[in-house]
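Which chain is which? They are A, B and C, in the order written, and residues in each are numbered from 1.
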Amino acid sequence: MDMNRTSAVAAKPVVPQDGDVGTTVPQVASPRPNVTPPVREKIRTEKLTVFYDGKEAIKSIDLSIPEGMVTAIIGPSGCGKSTFLRALNRMNELIPGTRTTGKVLVDGINIYDPAIDLPTLRKNVGMVWQRPNPFPKTIWENVAYGPKCLGVKSKAVLDDIVEKSLREAALWDEVKDRLHSSALALSGGQQQRLCIARALAVEPSVLLMDEPAASLDPISTTKIEDLMAELRGKYTLIIVTHNMQQAARVSDYTAFLLMGELVEFDVTERIFTRPKRKETEDYITGRFG
Amino acid sequence: MDDSLGQRGAQAPPSHTTGPGSTTRAPRTRRGKETWEYLALAATAIAAGAVFFIAAFVFWEGWPAFREVGFFEFVLGKVWSPTRGFYGILPIIAGTFAVTILTLILAIPVSVGTAVFLTEYSPEWASRIVRKAVDLLAGIPSVVYGLFGMTTLVPLIRRIELATVPQGAPSYLTVGYSVLSASVILAVMIAPTVISISCDALKSVPSEYREGSLGLGATRWQTVTKVILPVAAPGILAGIILGTGRAVGETMAVLMVAGNAPLFPKSVFTPVRTLTANIAAEIGYATGLHEHALFADGIALFFVVILLNSVALWFRRKALK
Amino acid sequence: MTRKRQELLGKGFLWFCAVVTVSSLLLVLAYVTLKGAPGVSWNFLTASPEDMGRKGGVFPAIVGTLFLVVLGIAIATPFGVGAGLYLAECVSRNSRLGEIFRFGIETLAAVPSIVFGLFGYALFVKALKPVTGGTTLLSGALTIALMILPILTRATEEAVRAVPVSYREASLALGATRGQTVFRVVLPAAAPGISSAVILGVGRIVGETAALLFTLGGSPLVPRSIFEPARTLAMHLYLVVLEVGAMDMGFATAFLLMVITLGLNLAVDAVSRGK
């Protein structure tokens, strides 16, 4: 496990900036200060608490997620990573018996405000699940689904969106000749990239990914990770993973959750090299679960 | 119970469990069957064989009608009037068809809508009420539906007929007993079947599809119409077909409200007779060829219903895969 | 935004459907209660029909219904439970034999009740007249027993399958034979499911008319043996309404039938809650 630590840091493609980061983003000392412009806060949670049937799954989480960055949520199984992620586009509400308190501000607007239009929110905050879940339709229809729902009717426009999204998800070359065959015939890794393309097609600004590579083989996993690096900057990515090397490889910031509580949030490099909290250190060094 | 089992086990002589080869014995080994298994097999054979026996009997009794009247004269004959020696069930087939189609037109939207409501939209309190209502609707005896239809629906439809049917039209068009009356009652009667089977189909749609669609910013309605209904379609179709079978096979309520005239349905206000009602209305006094003809009517009914049922089972199996 | 309007319209339509479903039940319940409840008196329950059913009560029909229920269930249960048990315990889920048996039983479930009536009339009433005595309680019970067989079989199979494998293994591992295991462990554990199916079967018998019209005889007298004709409440309703035109009597009978149906429904709930 110690190896992971060093290799994780070494494999990290971009060292996150600091210095001029917004006041809400943790201040950290970085070996390469000021290489990127100031970071704006994209999402901020305030005392975010989610209950399942009256039981707290995440407890009063305050977190500030920077725009255009990759933020990883790590922690042992059952610590509330998915719950936290699903709170950011109000997906938890689909499960009967959930209750959410506190605030989630996306671009400064509380999404738990009763006046919020859920479809608009979810269009803006896209999501990719652990198990690829393409619809039992063709590849083209999968990608065009979101834009169609938003009212795009022109076939030509949809064709453009499909191509652009599939290219963005690095899937275009593999499927361009069979856009009209069933999405279910694709491999698991391709299905997952299709789901990413499908999410990108509605032009979200945030993409939530819940263990997007957990059910995939190593090669597909690499492709997904490369894709995350590509999407970084244009989208705010929040990924849940229980694979620490992955968090270290792809993310700029990392939040560590334990039993529903936010233990530590910092620049990824710091989390993996000089964690402030004992629990974090225990977890990343493998002394825990 | 655990205790008593434990004690019995402890007291039981271990001899037969330590016999040679006994440790590799699977619980379902084919060693000698026990008596109860033969009895259970006999019960199964009787239960499963009954339908073939019933079919054989009805065929046996109905066959002479085909022989004496002629198959095509029977099925395509336009006049049913046993007292005058006419045994054509085409008007009755047409009546059954008209009633069934109109029933489906009335029942499908509301029943499937109710099923979607229950699985996709309903708050918990409303689900409880609607589920209970569906349960109870299924339990009401058909004669009660019939009586209700005769005393509420038929007069209402008679009034509509009097207001809309042109002067000089045949008087049977203003009696209220009609295709429409039968269909409205049948639509209520088959609703529980369609609703509960559609609900099963909708519930078996993986929630990943639902989340996937909502997560892209689709509205609930878009999610339902574009993703969930298409996926659940085979199962819902199975429910509709089973409901159709119930509509075709229902006797008493139709007998009480459809008017029982073996006329060709020209409008929803025509009184008609269905395959089931024809049997119920006449077998009490039928003898000879007339009786055989009613069994032949039963054959037709049997065929239609079994066919519908097999198609429904097929769709259901497909839906489960 | 049109998407929002569409969503609202869709939601409205679905609520409308649910309301239509619930109100059709309420309408029937309310109307039958309103018209029928006043006619139900002690005399109505305990007197015999007079003047073809225009006056008097329904006592013979109550007795007939009871007899038919007891007899029909008694005939059907051993076969239904036996078959369900066999399908669940003795053939594997996808075996050829199981498929054929299940197809037969599913198909039996789809046969319209009037066809059961035809069959019962041809076999029990006419062919077996020396045994059954023609249109009698026995003929009616045999006919209706066939009809409820699939309900019992299916429910038994489901209930038996739902018994955890660990129960069976525990019993077998203690040296019990398969028979002992099935009758002392599996069937008791499946009892609630089987009981609710029996109650459903009772409901079917109480509500059935078409299969009985020409097998049960429709006698307005209290049956004293299974070789006498009888009538059930549902048949009585049909006969007084259509052949006599005594609507008030029909409604009172309908009200009684509905009370019984509701009671049976509550009983099913109680049994399955007791699981």
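Remarks
Rule of thumb we're sticking to: contacts are C-beta pairs under 8 Å (C-beta built on N, C-alpha and C of every residue); 3 or more make two chains touch, one makes a residue touch a chain.
Keep in mind it's a predicted model, so treat the numbers as computed, not measured.
If touching chains are joined by edges, the resulting network of the protein chains shown connects every chain directly with every other. The pair with more inter-chain C-beta contacts, choosing from A-B and A-C, is A-B. The most centrally placed chain, judged by C-alpha centroids, is B. Ranking every chain by how far its Cα centroid lies from the centroid of chain B, the top place goes to A.
The geometric centre of chain B is 15 Å away from that of chain C, both derived from CA atoms.
We define each chain's centre as the mean of its Cα atoms; on that basis chain A and chain B are separated by 49 Å. Inter-chain spacing, taken between the CA centroids of chain A and chain C, is 56 Å. Annotation for chain A: residues 119, 149-150 touch two or more other chains. Counting partner chains per residue, chain C shows two or more touched chains at residues 3-4. Residue positions of chain B with contacts to 2 or more other chains are 219, 222.
Residues 89, 91, 94, 96, 118-124, 126-127, 129, 131, 133-136, 145-146, 148-150, 195, 198-199, 201-202 of chain A touch chain B in their complex. Touching chain A in their complex are the following residues of chain B: 124, 206-219, 222, 226-227, 230-231. By the touch criterion stated above, chain C contacts chain B in their complex at residues 3-4, 6-7, 9-11, 13-18, 20-22, 24-29, 31-32, 35, 78-83, 85-87, 89-90, 100-108, 110-119, 121-123, 146, 149-150, 153, 168-179, 182-183, 203, 206-210, 213-214, 234-235, 237-238, 241-242, 247, 250-251, 254, 257-258, 261-262, 264-265. Residue ranges on chain C touching chain A, taken from their complex, read 2-4. Residues of chain A touching chain C in their complex: 117, 119, 149-151.
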